[in-house]
Amino acid sequence: MLIVKDLSIERLDKKIFENISLSLAPGNITILKGKNGSGKTTLLKAILNLIEPSFGSIYWKGKLLKKNLYDFYNNVTYISDTTSSLKKLTLADNINIWKKFFISNINDTQIEIALKTLKLDNYLDKKVGTLSFGETKKLEFLRLIIENKNVWVLDEPLSNLDDDSIELMKQTFEDHCEKQGSIIFSSHQNPGIYVTEEMQL
Amino acid sequence: MLIVKDLSIERLDKKIFENISLSLAPGNITILKGKNGSGKTTLLKAILNLIEPSFGSIYWKGKLLKKNLYDFYNNVTYISDTTSSLKKLTLADNINIWKKFFISNINDTQIEIALKTLKLDNYLDKKVGTLSFGETKKLEFLRLIIENKNVWVLDEPLSNLDDDSIELMKQTFEDHCEKQGSIIFSSHQNPGIYVTEEMQL
Amino acid sequence: MKFLVNPSKFNEIADYIFKPVLVLSILFFALGLLFSFYLSPDDYQQGSTVRIMYVHVPSAWLALLTYAIMTFYSIAALAFRMPFGFIFNTAVAPIGAIFTLICIISGSLWGKPMWGTWWVWDARLTSVAILFIIYLIIIFINLSFENRVVREKVVAIFVIVGSVNLPIIKFSVDWWNTLHQPATISKLAKPSIDPSMMTPLIIMTFAFMMIGVAIAILRIKTEIISRKSNLS
Amino acid sequence: MKFLKKIIFFYYREYKLNMSGVQDILTNIVFFFLSVFIFIFSIGPDKETISTVGVAIVWTLLLLSSTLSLRKFYQDDFENGNLLIIHLNGFSFGFITILKTFSHFLFVQVPFLLSIPIACILLNIPNDKLLYLFTSFGIGSLTLSCLGSISSSMNLMNQRNFLLGSVIVMIFSVPIIIFSVGIINMAQNFNSLINILFGILLIVFAINPWASGLCLKLSIENN
Amino acid sequence: MKFLKKIIFFYYREYKLNMSGVQDILTNIVFFFLSVFIFIFSIGPDKETISTVGVAIVWTLLLLSSTLSLRKFYQDDFENGNLLIIHLNGFSFGFITILKTFSHFLFVQVPFLLSIPIACILLNIPNDKLLYLFTSFGIGSLTLSCLGSISSSMNLMNQRNFLLGSVIVMIFSVPIIIFSVGIINMAQNFNSLINILFGILLIVFAINPWASGLCLKLSIENN
């Protein structure tokens, strides 16, 4: 579905990486590894058409990504390395906003189950700003479930999580793959998650 | 030096943890482990007198911490789970501000060496906001070196770092212990760092 | 005429003409000051305060002229993707600002004896003050935006939009009846000014122009160099 | 249909966000009334003078306080990554700016509009001028929202000197002020002046998505 | 000695943060003048009217400028964790608020103070009033800085308290404004009015470290 061909990116005239190619088929998981500053985040952003590559091109469903951008956006969820939940609002408010804004076809019981497995169900009336760091990260995954898209683009999803949550992620990833979804994520840890391709940057 | 006795903390009438005791002598490293939301960050903040404990007390150099607060502050560096560098300024500006503000007795060559080992020496004129996530985390450690205090209180210092940097941290921690410094830090990973005490929350 | 659009050509020519221009400006200044203080008569109404005119009017003209040229360059730069226009804008805006400031200060100094106040809110004075602020904003944008590509486009667009102000300044005295002197010298027909005042005025205008060109050459050259060394 | 729903929920989100920050709206209104008081105190009880300058004062204060809230325009959403999420949910940057401009109009300017009648009482502004005031302010404030969008999106690229944006807005609003105040004082010219104001609004409105959208794109690219 | 150095470098830090160069102060001043312009445009060029409302205009702008920058007061430093670092470097919360208040005064109010003489020329304010204006403005702006500190530190805490913050500022600023503007218009009462103003300043100044300090402590505790 998603094909990256000979991608090179420069920022402030400094080459970040050159001639990266990868492809992400349904049911595949790709992990990006590499040192700090090697360009993992940059690559993920380029895939989302947020950074102009200096060379190379990206294709989505056979067409150039730029030509097919909003179809791609309809199929992708991005979780960046920082959190995106609104700190001033409660968990319930945040979930509500997401549910409506992404016109989710997920029903409330599914969300409740997800909340329970993430162990966030007690905090519904708490401001997101008063959660622990790991809890806000976990909250971010709720968006994956609410958005319910095909392609997941995740930037360091496993950092700051405890072992149970990582185990949970592993499970979620595998389920998603079975449903012919595809995942590309970056990580510094070796989480024991089954991956189709490992990309060293 | 630092002794925590039977500490219990409640937040919004919810018990976070109860009857925690620990002591941090010079040359010791204590690691805090525990699930997300188990209260690691809370404990570290309580040690810094930023959160009022419901029971228990903390001593510094034999006196109650509250009575001896600014002496303790003169001896402690805290790195929180978020970054504290000023995103709008360049690295050089940030370092300059820290150097002056903490009245550091570290000279410039030492800082340069540290920058080089952290592989940040090329970025001096870059805005901190344009660094990669891991690079900003590494920049935080520069504060450890610039402040040059005895007690280090670090909240998840190892997340988002690559293996080289973790190795470097390990080295730095050991050096600090040899100089009779003490470290208390929280982590989800098992970094292979030698620790005196492991505290499960 | 290629040197007016091409940075490297400009550098060549600039090296040639910089010294003559500087010498000329000093010459004109000396001559102009001599004329305006010793050789020109007092006005029968205004007394010797009329001599402020020899600073006021040239600086006013040059303030307007500078902005007009900047507008021209901005349009060219945006339309024909001509980087020299951007360079010109960055380099020349402070010069225009200073001319405008001189015009305002000399005008106020003149206004105190003539009108009895330093400042009135008539159309010309106000629009000149706006011109000054526009110049300042151009300078500020140049100083505070990091992304060069964006910055120079923003400046160019701003200059073009701001040029609406020029005709307002020029014709404000005709459109609204105000305290300020209507066009006496720059009338298209016959100027209604005595030649004994006209001569120093023209000389001073040349002097201002030359010094402006000299500073502009210096600033454009530094700007070109700084762009070469720092591509971002 | 789905797109329309998304737009509605965009505003639901904005509502949730802005209403939890009532203090910002409130600060603006408090500022507004405080300034009206200042004028009344300094001018003294002379009714004549007050009602001469009344309209002018209301207009200027509205202008100044809408520059107050510029910072919230994109800054917060940009910093916490929500701008990106909105974009990835299928809104082009240009379209986001249009939505945001209306949201600014709705949540910042409309509260003012509502406080105009009270200000009119305080300032002895005759009732028959109220209509003119409303019309001119309605058009003028939407124009100001557009200008605000442009300047605050430019400020994303220039994170320190955030007054510069306000200054740019203000210099562009000089003609707006002149015409709007003109409308009220010269009621006979009403139609031609309103047309001019409307013309300015159209121009700025057309430029806004293009200019602000570009700025958003660039600042996300460089983030 | 070491403490003094720390204070100096606190201001060095504030300077670095607030200023990327002189142009930032200049932008402040330009903002001020543009606002004056806009007032004038809306009021009309009539000399008499202008000099009646002149003082009021200057005072409103002062109020505006200090509300404009409230967000910079603690919010940024609080959110990026620097408040904590400053505290851990040996400054009690109360002391931080004093330092910050002066920094606000220095970087926001003083540039305005400097441009007052020119504004007086533009606004036809008679020279002999300049002294009064300066005195009242000097005292008033410091008082406003203190009030700003209190309200913005309250804003850091729960949204529940927002009303309190704004209300406190409002209650205290009303007398300040009445007296300050009064000073200028009734020159004979100068001394007694100045005393009252000074009294208010002292009260607010004494409350500030205690109140804001407490708010800072609480908000860091709950963060």
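Some observations on this one:
Chains: A, B, C, D and E, in written order; residue numbering restarts at 1 for each.
Operating definition for what follows: a contact is a pair of C-beta atoms (placed from the backbone, for glycine too) under 8 Å apart; a residue touches a chain by one contact, two chains touch by 3 or more.
Predicted model, so just to flag it, every value in this text is computed and none were measured.
Steps from chain B to chain C, taking the shortest chain of touch contacts, total 2.
When you average the Cα atoms of each chain and compare centres, the chain farthest from chain E turns out to be A. Chain A and chain B have Cα centroids lying 29 Å from one another. Inter-chain centre distance (chain A to chain E, centres taken as mean C-alpha positions): 45 Å.
Taking the mean of the C-alpha atoms as each chain's centre, chain A and chain D sit 36 Å apart. Counting partner chains per residue, chain A shows two or more touched chains at residues 12, 82, 88, 130.
Contact with two or more other chains is made by residues 130, 133, 137, 140, 144, 146 of chain C. Residue numbers of chain E whose C-beta contacts span two or more other chains: 20, 23, 27, 30, 34, 37, 41, 159. Chain contact summary for the complex, chain A toward chain B: residues 11-12, 34-37, 41, 81-82, 119, 126, 130-135, 137-138, 156, 159-165, 188-189. Taken together, the chain E residues at the contact with chain C in this complex read 20-21, 23, 26-27, 30, 33-34, 37, 40-41, 45, 47, 50, 121-122, 124.
Remark: chain E residues 18, 20, 23-24, 27-28, 30-31, 34-35, 37-39, 41-44, 49, 52-53, 55-56, 59-61, 63-64, 67-68, 70-71, 155, 159, 162-163, 165-166, 169-170, 173-174, 177-178, 181-182, 184-185 touch chain D in the complex. Within the complex formed with chain A, the chain D residues making contact are 2, 5-6, 9-10, 12-13, 16-17, 20-21, 80-82, 84-85, 87-90, 92, 220-221. Interface of chain B with chain E (complex): residues 48, 50-52, 70, 73-74, 76-78, 80, 82-84, 86-89, 93, 96-97, 100-103.
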